[in-house]
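In what follows, subunit A forms one complex with subunit B and a second complex with subunit C.
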Partner chain A sequence: MLFLQLLQGGVQTGALYALTAAGFALIFGATRIFHFAHGAAFTLAGYAFLMAWNAGWPWPLGALAAIAVAVLFGVAIEQLVYRPIGRHEGGFFTVFVAAFGVSIVVQNLVGMIAGRGFAVIDTPLSRATEVLPDLWIAPVFYVAIGVSALLFLALSLFLTRSHAGVALRALAQNPDLIRTYGLSSTRLSILAFALGSALAAPAAILTGMTVGLNEAMGHHVMLISMAATIVGGVGNLKGAALAGLLLGIAESVALAFVEPQWAEAVSFVVLFGFILFRPSGLFGVAVAR
Partner chain B sequence: MIAYLANLATIVAIFGILASTLNVAIGHAGIFSVAHAVFFGLGAYAGAQTAMLLVPDPLLALLVAALIAGGLSLCLALPALRVRGEYFVAASLGLQMVATTLFSELKPLTGGIGGLVGIPRPELFGVTITALPLALATLALILLATHLLARGSFGRTLRAIRDAESAAEALGKHVAVAKTLAVAFACAGAGMAGALFAFHMAFVNVESFTLDQSVLVMAMVIVGGTGTLWGPLLGAALLLALPAGLSFLPFIPPTEVGAVQQILYGLAMTLLMIFRPAGLVGDLGRGKVAH
Partner chain C sequence: MNRPQPGRRALLGATLALPFLGRSALAQGGEPYVLGTLFPMSGPNAEYGTVFTAGAQLALQHIEADKVLKRPIRLQAEDTQALPQQAVVGMTKLANVDKASFVLVGFTAVSKAVAPVGDRAKIVMVNGGAVGPDLSGLSPYFWNTIPLAHLETEALLPYIVGERKLKRIALVYVDDPLGDAILGALRDGLPKAGGTLAGSFSVPRTAQQFAPVAARIRQTRPDAVYIASFGAQQSQIIKQLRDNGISQPLLSYSAMNLDSVKNTAEAEGLIFTTQKTDFAGGDAMTKRFAADFKARFNSDPGTYHVNYYNAVWLFGQLAAMNEAAGRPVDGETLRAALLEKREFDLVGGKGRFDDKGNLTAAIQVNELRGGALTRIAG
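== the complex of A and B ==
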C-alpha cells in the first residue's frame, strides 16, 4: 500500500508539474526564449492566492488574482527584459542570465514581504481521508487531476481550433512567414507569455494546498519544467506535459527505494541521461546541434 | 583590521581564480557551464582529505585537487561535446543538482551537511603559512596561463569553435579535443581554488558548492566581462565587496542584508544583460556574448 500511496502522490505532483512544464514549453516553443524566470511566475501566483485566501477573499477571486499576477509578470518580463535583449541580438546566454537575475530578485522580494519558510494554504480540500486501507487521499488530488486535464483539453483546442492558436504554432515554425502574412509576431509572443504564465497559476495554487509554498520553490519548479521540456522533446507540448507527469511520479515512487534526500536527484539523473543519449527527447524530432 | 583585509584578499583571490577559469570555458570556448561550484567543491574535499589524511602540504593538496577536478571534468565535457546552447546549460544544471545531493549524502568522503572540520594549516617546507600567499601565487599563475592561452594558437582555436563550430572543424581543428581540454583546464583551476578555500576556512561543507555559488561565479564573469583577462577578477572583487559595503548602510535591518544583497545581484545581472551585455571591461561595440 505504501507503493500506491507514493504513486498517488506522484500523480498529484506530476499533474501539477505537467501544467507548469506545458507553460514553459509553450513559451519556449513559440518564442525560442529560454524563460528561466518561469518559476518566478509560479511563486508570485502562489503567494498572491495565499495572501488573498488569508485576507478572507472567496477562492474564485483569489484564483483570478493569482492568474492576473502571473500573466502580468509574464508580459512585463517579455516587454521589459527579453524584448530589449532581443533588439540587440543578444545570445541565449544573455537571456538566461537576465532571467536568472529576475528570478533571484523575485525570490528575495517574496521572502522579504511574505516571510521565509513554508506556508500552506489551509483549505478543507487538503484534509485526507482513508480511501483504502493505508491509502490516504485528500480531495485536492481529484481537483489537481481534473483541473490539469481540463486545462490541457482547453489548451489543445485553442492551439488547433482558434486563429490565435494556429498563429502561435506557426510562430514556432517560421517567424518570418508570420510577418509576411501580416500577423504581428510581437503580439503573438506576448500572447505566448500570457498563456504560458497563466498555466503556472493553477499549478501554484494547488501546490500551495498540497505541499505548501516557499519563496525559493521557483527554482525547483523551473528546473523541473526545463527538464520536462527537454525530456519530452522541445516544441512538443504533449511531450512536455507527459514528461512532467512522469518526472513527478518518478520522484515520488523513487522514495520506495531511496532516502527522501535523493528524490530531486532522480529527476536530474533522468535529464542528464536524456541529454547525453537522446537530446531530442521522447517525442522530439532530431534537433540540429 | 589587517586580519579582516587579509581574509578579504584571500577570498577575492580564490574567487578570482574561480571566475578566471570559468571565463576560459564561457568567454573563450563558449561552454556555458552553470556547474563550476561542483569542481570547486571536488577540489575542496580532495584538498581537505589530502591535508587531513596525508600531510598538510599545500602543493600536494593543490595537485590532488587539480587532478581530481580535472579528471572528473569529463562529466561536463561529455554533454559539451553532444549538445549546445540551452541543452548544455540544462545538462550542467542537472550535474550541479546531482552533485549537490552527492556532496551532502556521501558522508565518509564529504562529511555530509556537517562538512569536514579541523583541516590543518598549510605547511610549506616545515613552516606553517596562511592561505593568502598561496592564493595570490595561484591566481597569478592562472592569469598568466589564461593570458598565454588566449594569445596562443589554442586560444584562437577555441574562439573559432565558439563563433563557428562547423567552420573550425572544416579547417581541420580538433573540436572535441579542444573542448575537452578547455573544460579540463577550467575545472582543474576550480579544483585548485577549492583546495585553497579548504585551507583558508579550515572547514568546508556542501553549502559552499551549491547552484547559488555557481551562479555567483557566473555573475562575476559576466559583470566583469566575458572573454577579457581582468574582467572576471574585477567582477569577483566587486561582488565580494558588495556584502561588506551593504553592512555599513545603517537603514537596512541586519536580518534583511542577505536578501537585499541577493536582490542587488539579481538586478545587476538583469540590467547589465539589457544595457551592457559585454560586461564592465568588455568591448563596448560588441553587442553579443555568443550565439
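== the complex of A and C ==
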C-alpha cells in the first residue's frame, strides 16, 4: 500500500510540475528565450490568489486575478526586458542574467509586500481522508488531475485548431517564414509569454493549497521546469508535460526505496540519465552534425 | 592657454578626500563601533533575519538612550540566506573591510562556517538563534545567548515520555548540522527517558514535498512526531503531515517560535521548547524591553528578540567596561571583560556566562493554542 500511496502523491505533484514545465517549454519553444523568471510568474500568481482568498473573494475571481497577474508579468518582462535586450543583440547569458535579476527583484518585492516566510491557502481541499487502509487521498488530488487534463486538452486544441496556435508552432519552427507570411513575430511572442505564464497560475494556486507559498519558491519551480524541458525534449510541449509528471512520480516513488533526503536527487538522476543516453529527450529529434 | 586645470584638479581632489578627512575627525570625536550581523535577509529563511534584527535594533536604541557608550554603534548587515558559503563571504568582509569587532550570527551551519574566520581575526561572534550542541566551545570568541539543542531535548523528553506517555517518537530532520545534532540528542536521550526512536527521516534543506514522508512516518506507528527543521520548511512539514493523516502530537524546538508557525492552522497543539522568559512578572529591564518592543514593532516579543537584544546589550556592557578602563574595544578586550565579570543584568533576569561563553538559561515546554504559547512544563 505504501507504493500506491507514494504513486498517488507523485501523480498529484507531477501534474502540477507538468503545468509549470509546459508553460516554460511553450515560451522557450516558440521564442527561444530562456525565461528563467517563469518561477517568478508562478510565485506572483500564487500570492495574488492568496491575497484574493484572504480578502474573501470567491475562488473563480481569485483564480482570474492570479492568471491576470501571471499574464501581465509575462508580457511585461517580454516587452520591457527581453525585447530591448534582443534589439541590442544580447546573447543567451545577457537574457539569463536579466531574467535571474528580475526573479530576485520579484522575490524581494513579494517578501516586502506579503511578508517573509510561509503562507498557505487554507482550504479543506488539501485534507486527506483514508479511502482504503493506509491510503490517504485529499480532494485536491482529483482537482489537480482534472485541471491539468483540461488545460492540456484546451492547449492542444488551441495549438492545432486555431490560426494563432498554428502560427505559434510555426514561430518555433521558422521565425523568418512567419514574417514572409505577413504575421507579426512580436505579437506571437507576446502570445507565447501570455499563454505560458497563464499555465503557471493554476499550478501555483494548487501548490499554495498543498505545499504552501514562500517568496523564494520560484527557484525550485524553475529547477523542475528546466529539468522537465530537457527530459521531455527541448522545446517540445508534450514532452515537457510528460517529463514533469514523470519527475513528480519519480521524486515520490523513490521514497519506497531510498531515504527522503535522496528523493529530489532522484529527479536529477533521471535528468542525468537522459542527458547521457538520450540527450534529445523523450520527444526531441536527434540532429546529425 | 587654459589655466584653470590645476584648480579643477585640486577641487576634485579635495572633494574626494572629504570623506576621509571627515572620518579622521570622527575618529577623534568617536568613530562608530561596527557591529556586524550575519542573518538571512532574503530566501526561505528571511523571516528569521527580520526577527533577529528587531531584537538587536531595540538594544541599540536602549544603549543610545542610556548613553552607555562614548561612541555610537553602526549596525552593518550582511545577508547570508542561511547559507554557509554566503556567510563566510559576509564574515570576511566584516573582518577585513568593516573592521567589525562584534558579529551576531544565527543558524548552526552558518555559525560553524564563520567561526574559523572570526577566530583568526579575533572577532567576537554571538549566536542567539542556532542550537547545534557543538556550537559550545567552537572558539574562545564564539558565544551563545541561546540554550543549545541538547538542553532543549533534555527538558522536553521527561515531560513527553513521563507525563504525556508518548514513548514512540518519529523524527523528521533537516539534512544539516542542526538536524544531525537533534538526531543525536534524541538517540541518546529517548532511551534514558524510557522512550524509543520509532523512525528518523532526513530531508534536504530545499525539500518542499512532505506528503511522501508522511506516508513513511505513518508506517512507523509513532506516538508523536518531532520536527527538526527551520524557516519556511518547518511550516510546510507541519501542514503536510497534518493534511496527510498524521494526527499524533507534533514536537519541536525553539525554532518554531515564529509568527508564520503560530499563524499556521495545522500547528494547533504543537509542543515545543524555548528558554524561560517571563515578560510580565520579570525585572525592570525585562519589563522595559517588553514595553518598548511593543511600542516600536507593534507586536509582542519572542525569545529570538530577547537573545539578540541580550547579545547587543552585552556588547554595550563589555565595551563600556573597556572604555572606562581606557582599553581599546576589540575582540580580545571584549572577551577579557566577559571572563572578568561573567554575570550581567539581561532581559529575563541575571545571566551568567560559563568559560566557553555560553549563557545558562532555564527551559520551558510550551503548547501552541489559538496562535499563542501556553507554558505547560518547566
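Just so it is clear, the second predicted complex is superposed on the first by the 284 of 289 C-alpha atoms of A that agree within 3 Å, B and C clash if a C-alpha of one lies under 4 Å from a C-alpha of the other, contacts with A are read in each partner's own complex, and residues count from 1 in each chain.
One rule holds for everything that comes next: a contact is a pair of C-beta atoms (placed from the backbone, for glycine too) under 8 Å apart; a residue touches a chain by one contact, two chains touch by 3 or more.
Just so we're clear, the structure is a prediction, and the values are computed from it rather than from any experiment.
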{"item": "Subunit A as common anchor, with subunit B and subunit C clashing or fitting", "value": "clash"}
{"item": "Partner chain(s) touched by A:65 [first = subunit B, second = subunit C, both, neither]", "value": "neither"}
{"item": "Touching partner for A:192 - first (subunit B), second (subunit C), both, neither", "value": "neither"}
{"item": "Which superposed partner A:264 touches (first subunit B, second subunit C, both, neither)", "value": "both"}
{"item": "Which superposed partner A:34 touches (first subunit B, second subunit C, both, neither)", "value": "first"}
{"item": "Partner chain in contact with A:226 - subunit B first, subunit C second, else both or neither", "value": "first"}
{"item": "Partner chain(s) touched by A:108 [first = subunit B, second = subunit C, both, neither]", "value": "both"}
{"item": "Which of subunit B and subunit C A:97 touches, first, second, both or neither", "value": "first"}
{"item": "Which of subunit B and subunit C A:151 touches, first, second, both or neither", "value": "neither"}
{"item": "A:120 touches, of subunit B and subunit C: first, second, both or neither?", "value": "second"}
{"item": "Location of subunit B clashes with subunit C - one stretch out of 42-50, 150-158, 186-194 or 204-212", "value": "204-212"}
{"item": "Touching both subunit C and subunit B, counted on subunit A across the two superposed complexes", "value": "104, 107-108, 111, 259, 261, 264"}
{"item": "Subunit A partner contacts - residues on subunit B that touch it in the complex", "value": "26, 32, 78-79, 82-91, 93-95, 97-98, 101-102, 104-105, 211, 215, 218-219, 222, 256, 259-260, 262-263, 265-271, 273-274, 277, 287-291"}
{"item": "Subunit A-touching residues of subunit C, taken from the complex the two chains share", "value": "42-44, 46-47, 49-50, 175, 201-204, 206-209, 211-213, 215-216, 218-219, 231-232, 234-236, 239-240, 242-245, 258-261, 264-265"}
{"item": "Residue ranges of subunit A in contact with subunit C within the complex", "value": "2, 5-6, 9-10, 12-13, 104, 107-108, 111, 115-120, 122, 126-128, 130, 134, 136, 138, 210-212, 214-217, 220, 251-252, 255, 259-261, 263-264"}
{"item": "Subunit B partner contacts - residues on subunit A that touch it in the complex", "value": "34, 81, 84-85, 88-105, 107-109, 111-112, 219, 223, 226-227, 230, 259, 261-262, 264-265, 268-269, 271-272, 275-276, 279, 289"}
